[in-house]
Amino acid sequence: MDYQHLIEEVYQEVQEENLRGKVADYIPEIANVDPNKFGIALVDLKGNVFGAGDYKEQFSIQSISKVHTLTMVFKAFDTKLWSRVNVEPSGDPFNSIAQLEYEKGIPRNPFINAGALVITDALCSKFEKPIAQLTEFINEIAGDTCVKINPDVKNSEKNHGERNTALAYFLKSFKNFNNPIEEVLEVYFSQCAIAMSCVDLAKSFSFLANDGYSIFAERQILSESNARRINALMLTCGFYDEAGEFAFRVGLPGKSGVGGGVAAVMPHKFSIAVWSPELNEKGNSVKSIKALELLTNKLEFSLF
Amino acid sequence: MDYQHLIEEVYQEVQEENLRGKVADYIPEIANVDPNKFGIALVDLKGNVFGAGDYKEQFSIQSISKVHTLTMVFKAFDTKLWSRVNVEPSGDPFNSIAQLEYEKGIPRNPFINAGALVITDALCSKFEKPIAQLTEFINEIAGDTCVKINPDVKNSEKNHGERNTALAYFLKSFKNFNNPIEEVLEVYFSQCAIAMSCVDLAKSFSFLANDGYSIFAERQILSESNARRINALMLTCGFYDEAGEFAFRVGLPGKSGVGGGVAAVMPHKFSIAVWSPELNEKGNSVKSIKALELLTNKLEFSLF
Amino acid sequence: MDYQHLIEEVYQEVQEENLRGKVADYIPEIANVDPNKFGIALVDLKGNVFGAGDYKEQFSIQSISKVHTLTMVFKAFDTKLWSRVNVEPSGDPFNSIAQLEYEKGIPRNPFINAGALVITDALCSKFEKPIAQLTEFINEIAGDTCVKINPDVKNSEKNHGERNTALAYFLKSFKNFNNPIEEVLEVYFSQCAIAMSCVDLAKSFSFLANDGYSIFAERQILSESNARRINALMLTCGFYDEAGEFAFRVGLPGKSGVGGGVAAVMPHKFSIAVWSPELNEKGNSVKSIKALELLTNKLEFSLF
Amino acid sequence: MDYQHLIEEVYQEVQEENLRGKVADYIPEIANVDPNKFGIALVDLKGNVFGAGDYKEQFSIQSISKVHTLTMVFKAFDTKLWSRVNVEPSGDPFNSIAQLEYEKGIPRNPFINAGALVITDALCSKFEKPIAQLTEFINEIAGDTCVKINPDVKNSEKNHGERNTALAYFLKSFKNFNNPIEEVLEVYFSQCAIAMSCVDLAKSFSFLANDGYSIFAERQILSESNARRINALMLTCGFYDEAGEFAFRVGLPGKSGVGGGVAAVMPHKFSIAVWSPELNEKGNSVKSIKALELLTNKLEFSLF
């Protein structure tokens, strides 16, 4: 398969369609990103990199980092984790608090904000220096010292963090939060502020396409069966309340971020990261999703 | 792969675990089924059949028939269908009406009751003799005159049909229902009353494992890409509000019915049907799900 | 108290404010009413009538008739009624079905549509000729053969009745509906189609201002304590999801209808009916509410 | 009217019925109160006090203090207040956060927790020493230096305050919270920890029965029309999701607290406070409500 040609073709076709959305504007650091940025990087199971456009440029990966954190925490707690967070699609917006109330403090899944806060709380319970260790972990599986935490983004997130703080206190009221809220939020906002390039991001997802083994870290990151489970979770819950649509149109497990990035995997084939800042009304990158749809159509395969 | 051996092993292990649930009791015809029935049938892409237990015995496939109807309607309307029904997981029970109100008459997906009613309404718009033609279609893709519609089940469904009737009128109030309600409900309850054996059911799902081509009908049932889309829908929405859990534990696209059946596919490998009447509290067959979980664990593959 | 002068003053001031809303447009018979109609009639406890504007003209009282039906049914069933319908404000729109689902088929109160359907069902259980007997009852307490049921309105209601039909089937699925749905809906739509003038309507509410005794019927309609209870219900639930606002601004028990009418009582003083077709977004008559607010302000009394 | 005789009769009858409920147990200071305490105090418009049982003993008035705070804030902001908080009954439990989400940060009314937090926030915006000034205000309108803030209760409330903290952050995320959250919560928990006797509490409500004029403070506390509005609010929203039931059975404006107290008024007649710690499942005092119901039945009047 000539992935380089394929990616360039996809890149070209998406650019020609001139799709527009709206850059997220809740913090200035995201709002001010050049909306025309667009990059694609694909990494096959041997570690070959194929790229197009701005694929080497760092961007704010935001919620995509929830997959990295979940991986560390899943490794540490295994199935015990699922008493604190469910694995069902949400159907509600990512930051909804109503569902959490109806379901008595057990978030629907680890990728909505409430669930990610529980995961970060679990991270803080198990790791002494959670931010440093998370950074180190991502660097390891990306095979490069690539992770930067943008301090301005982190501070802006913090200053707009009332809703996440509310979720944390609400979780605590249901006894589903164990560490000091301030500490956990510090970690949470730091992980949201991670900047990476498409190529490094795709590399960091490689183990999920490879039955849990990272060719960059040269070790088994998760058991084969737990790696599969993270893929299942991404497929059913990785795109907020548009997860069904993404499965339907694209058919790959993946995770999006409000910075316009999407990371996805085709199991036993490749991992891929796409970035374009303009979002649709569900908060997913318009061009990134289109690129992945074209890609699976051209490849004539998806999961299904 | 020695599928026969595999299936017998799974059958044996599930039997030894002695899992219990509760047979659905809303109609006598379902309530009175022997709770100890248990069958598995797997059909590979060449049409070889592997079976264990009561796999040749007919049972009420109930909601599994929604996949057959959807296939006919999807073929007839293609993408126009998706203006009337969404493709997102529901998160609510299968017969919930609240979500339909919040979302102004557009059901979340074609497998919750409201969505299935829209699909059946669409069937009635396109096919002159919907029940006869649906029966014929299933027979064709199962490669056998196997479908029976149990008249007692149908009448019982009808007599307990107030909630579905309410959903139909509610859809009509949102102009998302085109045919006379009585007529559509007649078809709907008939399709719920279809009885098939595991082996025939697995055969009828074979085209979904085979890029849309049925080796039994010897024709392309759906385009490769639309067959994939039905698989995606089954994965994200096929098990009511337990779809995430099923994806997480089993990782195959599938559809369950309140009669205790589950039909599923492993794309490019096989289709499979399992039946055991006792259900968990979400309405899915306890043993059938366990059997599929064991199977994918033993095979060491799933979608992911 | 010079009620005639007071009412004319109120009438004049409201006219000068030139408040506008939107005439209900779901059926042509309501949509085509002259939007400039405006009438007020006040009836004191001696039966003296004071009126202004179009107070002698008949209009479609719509949901106001729910008070008359409730009165008959409350008399017949007394406290047994409250196992089938609650007495709490709804907070949701009048035709919401979601709440009914969450609360397992027990409507919040007798004035939302679901509750009114239960009341009408109870009417049909107790009265042989429910429409004729309801008409007769209203004529009796209004002291005049005044009630007309507009057949065009009734038929239009029926033709737009899918949502109410859905509610009825939904209630039946919860075993909170005893009579054939068609029959009950016939009565329901008939009662919605009642036409009365402000003066007759005010007279028919007189017993609620008079501890249950009607000076027109010359008999005790309800016990003093049950009459009080209907007033309490009107205060907390009589104006859909604007009941709190009406209590806050006006402070009288009352009931509004989508035809633009409002009937209200000041206990131990008077009953009153106001009519003006243009509605605010909550479905209550803009001018009628304003008129009642001015009235209680000028009188310097309300319930409180 | 021989109020003393009446109250003693009511007291006796309630005691004989031996109604039981459950003392609130979320904080030890409330949980450990003697469940057999029971007191009634009625104050007429001349300031005569009539009492029975433990009516001179202090208890934790909890949410009843929300009426005092609202009075101060309503006086300070007048109608501007209602852009920040609505006046509709809630239908949901007092500490629900879901409704706040659906209604974009505008609480349903000033008596549910979210609304009371907005009111306390407004208090902090207008008053330099909110706790001291609130205390002073209640003392003034009760005609006595009677208010104590129980420091143990306050600290316990604080230690169980995650849910209220979540509500405050959630309000802040909707820009409906202006002061530092810690500061406002300090005031909020202090006001919940106010201890008063029935007699002092009834006196402090006297102005609401008297068109806004306090005979104890010897001044107009609120305009006649605003006093009426607070009564309307208490009637529609004063008893959590049991407000309709209370209006239906008792028919007086009032406010309950989780400590088992209820304060109510009969406009132009009297104010009354009742206390008994055991609560029904909606969180309202079983005996207190029964006592008020008997009282209005015996008096043969209520609002209606």
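Going in written order, the chains are labelled A, B, C and D, and every chain counts its residues from 1.
By definition in this document, a residue touches a chain if its C-beta (ideal position, glycine included) is under 8 Å from a C-beta of that chain, and two chains touch if they have at least 3 such contacts.
Note that the coordinates shown come from a computational prediction; the quantities given were computed from them, not determined experimentally.
A.B. asks: Taking contact as defined at the start, I'd like the list of chains shared as neighbours by chain A and chain C.
C.D. replies: Joint contacts, listed by label: B, D.
A.B. asks: Looking at where chain A touches chain B, is over half of the residue numbers used by both copies, so same, or under half, so different?
C.D. replies: Mostly same residues: over half of the interface numbers shared.
A.B. asks: Relative to chain A, which chain has the most distant C-alpha mean position?
C.D. replies: C
A.B. asks: Which integer distance in Å separates the CA centroid of chain A from that of chain D?
C.D. replies: The separation of the two C-alpha centroids amounts to 48 Å.
A.B. asks: Return the distance between the CA-based centres of chain C and chain D, expressed in whole Å.
C.D. replies: Using C-alpha averages as centres, the distance is 32 Å.
A.B. asks: Between chain B and chain D, what is the separation of their C-alpha centroids in Å?
C.D. replies: The mean C-alpha positions of chain B and chain D differ by 55 Å.
A.B. asks: Output every touching chain pair, sorted by label.
C.D. replies: Chain pairs that touch: A-B, A-D, B-C, C-D.
A.B. asks: Would you mind writing out the residues of chain A in touch with chain B in their complex?
C.D. replies: Within the complex, chain A contacts chain B at residues 86-92, 99, 108-109, 224-225, 227-229, 231-233, 235-237, 241-245, 247-248, 251, 253, 267, 297, 300, 302-304.
A.B. asks: Under the stated contact criterion, what part of chain A meets chain D in this complex?
C.D. replies: 96-98, 101-102, 162-163, 165-170, 172-173
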